[in-house]
């Protein structure tokens, strides 16, 4: 067992840290952000800085233009990137592009890669992943999928509605999960400007950290050819697994950075602000919150590292990524909530970035599977006596 | 012991309930609300409806134009009012006016009452309470008060800065806590348009349910005469106690209404939305959240009732109102957080009013004394062996 | 609404309090207690003291020799009795006799009352309630009942095994739940010395507060006549409901007394013991535990009072007694656990009675329905839209 | 970063696992255990088995007769040993001998090692560590030390009382912390049969897993020579640090084994026992407990591994071992408490070893520093801006 980092990874971590603190954080008050997320030109400007720092799309393969980071390397780098809510946008490792890049690397055809993956890695285009549907469609239970892809000659016609589609507004292409006549699911790639795709509206979300926000998409007789099938026909859910476990984990990493940021803000505050004759941090009640935060941060970090290492060993980690997702999303949330409490009134106002972190993070206990679904999925595997690590 | 309500109170409760559901809730999507709170003309329109329903300012004395509700009666009525975030505004029982009315009833001079209280009860003017200051001034520790009121002939000159002043923007008068040359604190009344009062800015707050939001006020050589002293000179903290315990409790009541609203939204949702072969509510994991919510709601309600009854018996309830404040602010928050979880993505978007309730309520664990200060205050009394009820 | 007590009830409360502190607590170190519970002669001696104090079996009807307490009156008196683990034994209000007395009062025939109830109220005999069975029999799911009562001429033959039968060892009679050939359940009364009843063993339980401990009973062709049917044939579950809700609540009351005792021990300790320059109670971390305990105690108390009042109004309280049971069993446990923590090493050794309280109380979150079963039962009623109070 | 184990360590882990399951667990019902702990002849018999398995005192240096395990190796092996409450006794890695061996290896003189350490490693003798004192002496605050060691010619006379001295009954030697005339603290070694040492009594403790239980020791003019000073004169606290961090961590390891045992018992139970139409494990409410347990176990394990690795790098780990102690003692306790809940009545009776685990483990949140002291110690370091890992 060895918790040390290679000198190369230490250098990359330190470089990312400096980049975020010196070049990204100063943009946090930039007005090119709205209630949905950072604007496109802010994104472009930040990505240009990342490119110069050699930090753009680091998780993509070297062949496609990235640094080819392993999961453990991502764990270290993405936490640093997450220290600013603009960091993942700057480095092109934000959701859903980060997960889509991983998915396309694994299962896209060479033609699909050239057309969609290469410019995505280069930060020239954006993408979205259209899975979730309004009731009675697919929510936390993917088997309730209602969007259809019906054979039409050699091609397919897609009809249905999707919502909570992160980054839909402004995306250049979309990955669509749809159901065939035989009931099986398939993923399709489509340019967003294809006839038959409509962005109905952008949802009014509590978070504002994802470029493009969360959109509602309507597909009306969207024409897709068989070349637009991502992976295999009828293997949509199986192929999507490739994306699932790693994407859960990268959320944990980025949000860990945000939680650490919250803790640093709180520590700075309680070391200065006085009440009842001493600085807040010298009050046991406050000190206990600092300690609990440290425990929650460390617990999140260790679970991320361990699961990332297992992924690097080639494990599927369905169980372990569920576990890490629940642990991190709940522990990181507790950290941020305690920080709000320590800052008092300043925690619930825009005097620091803490309020934004609080509002941005709440959804993490819900998306990529709410805690309840993961707990239940874990339990079923435990009852079924599967060997777990 | 008797938990029954008088027929008169039952009628008032039912009338309030109908008023809120039939006449107030339809305004919840009214666009005359901004990021700080309901706008002044929306407020006026709603108050007119409350006046017609005989429900305007019901806690004020009959002499001043209210219904002269006891604390227990307030407990029943304010919970109903709180069912809509606009309810307290409509009925003129929102913070800080509600507490200011109570304070003025108790300690204002007859002249002060005619000048400021009567129009406040009638809903013609608004008020604010200027206590909290930026570091290193008075936050949760009131003894750190830095705003000064220096004798200037027969009058006083007030200088200092206040923030988190709820309702400051648009208020007609303000109650100012300031420190004299002898170190003692005094409350002063002043019209807001007096020279020397500046609304520096409105803070960017997570909540948006208080008319006027939360402002930063600067006092620069504000002139006040001795007729503007509220209560006695040098007895500012002691006199403010009159406001404290009841004001804490009315917050608990109103937020209980919001928490009940959240629960009702969640119940409706989980009875309809299906996943994994049955409605969400039939999943134990969801059912447990419903049950926990019911326990937290009931616990809050009983603690409010008991403390209100003690206040009606003439008790000061410093201990008991701290206890009720911690219990309610934490239990009601847990309810809302669980409801967000049950609604999934819809809990963190504006698809229902739940997200607004979530954002509006977080501050309640902080203002009127954060949980930590109340716990500590309770503990000191317990150690000091005071008889507690 | 009125939280005041009648002068008569205040007198009874104070008399019980004095009785427990002056006459019962001195027996707590009496050696006539073993790992299962207080011994029979200690019980007799204590009951004699209660009789003299006019406090024996106060919940029984006046006709049967008790004081005919209402549920609210029980709430006040039983909490006081519970202050010592020997209190309920002394006053003949311990489980299961207390609940059995209530059940017999409600549904036993006049002959059954004379034969079994009157001497039970007088403290001359003891009883037990035989419901729970080893797997695959009836545990938290009563419908899995396996013990059979098969018609044999005019009589019945009972066969089966029961365990966790509190007070079985030394009981004079037993109430047996058994299933008939048609699948319906019936309750039967039988003397314990009837042929066909065997006390297989006394279980090695964590608690030691129930007279007679918890036994395993074997019924082998136990002969019972139709006069031994308690309530109606085939209505066993329905009739047992009469016992259920009130019995849950009296557990809450007695354990509240134990939790209050724990808190009083902890307060006394933290006011004396010093560490790091001040008494423990002046450390915020400890003070917060005191405050949390007070909140949990008060919450338990109010929920007991409210549910007792509803029972006094003639409500069934299936929902409300589940709620009170979960709230109290969990809140009272948290109190005791925190007290153990405050006492440090002395909390986990026999230096005070606290360790015994800790060991005695853990089972309360399990018996009379584990928290999980009650939460689920509550949720189903909430989903079914029943009107709840 | 690398979470893999060397083949040698895997073999040792598997050998330990087999040893515990095949050879130690069968002794768990052996009657040579009393309310204080395993008896001396049971211990001897178990140790003989461990010796044959090559598993006796594996953490001692090779020179002294052990396997010279690193901290990481201990993490793996001690968890396996802890799977049975008799495992640490069998392998001579129980408290306090395990920590005393570590301490003596680090700071004892060659003569002291030959006299006390070598036979201790061989399992021929037992030891105890006499630090904690009754009020107003040293409890969680070591600076309150009252036992004195007063110069008497070339020697010292020790006077004072100690309690909670684990293993005192039957120990062959003791390490005593005492205060000199200058106020500084020193550790002394003494045979237990020296005149002036009296075992006043064995305490009535909730746990029964430590050989010899927890004793009260009285020192009356105990004569010790300067050769009996352990480490340096006046450096008692500093030298004891050598023992502290690692000893905390080995507790975490052993109790992790017990918690894992509890979970395995619970899983086996809920896979078999049915209620409400399906096995318990298929109820979400139960499944969530299984998942939460898995998360708590994994979190404990990762924190142990990480801290052990830091210790192996030569770090002092005062902060990190506090953190691991709080995380593990609380997480492992939650696991055991949930298992009790899942087993229902069988969880609070001796039907399985679970009840013993529950009673044995509660003290762990208290000894080696209660959670509150560690949280506070962590907070102070965080406020002091120390670099933490």
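By letter and in written order, the chains are A, B, C and D; residue numbering begins at 1 in each of them.
Here is the rule we use: contacts are C-beta pairs under 8 Å (C-beta built on N, C-alpha and C of every residue); 3 or more make two chains touch, one makes a residue touch a chain.
The chain lineup, named per UniProt: A, B, C, D = Acyl-CoA dehydrogenase.
This one's a predicted model, so the numbers in the text were calculated from it and none came from an experiment.
When the C-beta pairs in contact are tallied for B-C and for B-D, the bigger tally goes to B-C. Of all chains, the one whose CA centroid is most distant from that of subunit D (Acyl-CoA dehydrogenase) is B. Annotation: 38 Å between the Cα-based centres of subunit A (Acyl-CoA dehydrogenase) and subunit B (Acyl-CoA dehydrogenase). Mean C-alpha positions place subunit A (Acyl-CoA dehydrogenase) and subunit D (Acyl-CoA dehydrogenase) at a centre distance of 42 Å.
Chain geometry summary: the mean Cα position of subunit B (Acyl-CoA dehydrogenase) and that of subunit C (Acyl-CoA dehydrogenase) are 42 Å apart. Centre to centre, using the average C-alpha position, subunit B (Acyl-CoA dehydrogenase) and subunit D (Acyl-CoA dehydrogenase) are separated by 52 Å. Chain contacts: subunit A (Acyl-CoA dehydrogenase) has residues 283-286, 288, 372, 375-376 touching two or more partner chains.
Subunit A (Acyl-CoA dehydrogenase) makes touch with subunit C (Acyl-CoA dehydrogenase) in their complex at residues 283-285, 288.
Contacts from subunit C (Acyl-CoA dehydrogenase) toward subunit B (Acyl-CoA dehydrogenase) in the complex involve residues 1-5, 72, 267, 270-271, 279, 281-282, 284, 286-288, 290-292, 294-295, 298-299, 302-303, 305-306, 309-310, 323, 326-327, 372, 374-376, 378-380, 382-383, 385, 388.
Note for the complex: subunit D (Acyl-CoA dehydrogenase) touches subunit C (Acyl-CoA dehydrogenase) at residues 132, 135-136, 139-141, 144, 163-164, 203-207, 214, 272-276, 283, 285-286, 340-341, 344-345, 347-351, 355, 358-359, 362-363, 365-367, 370-372, 375-376.
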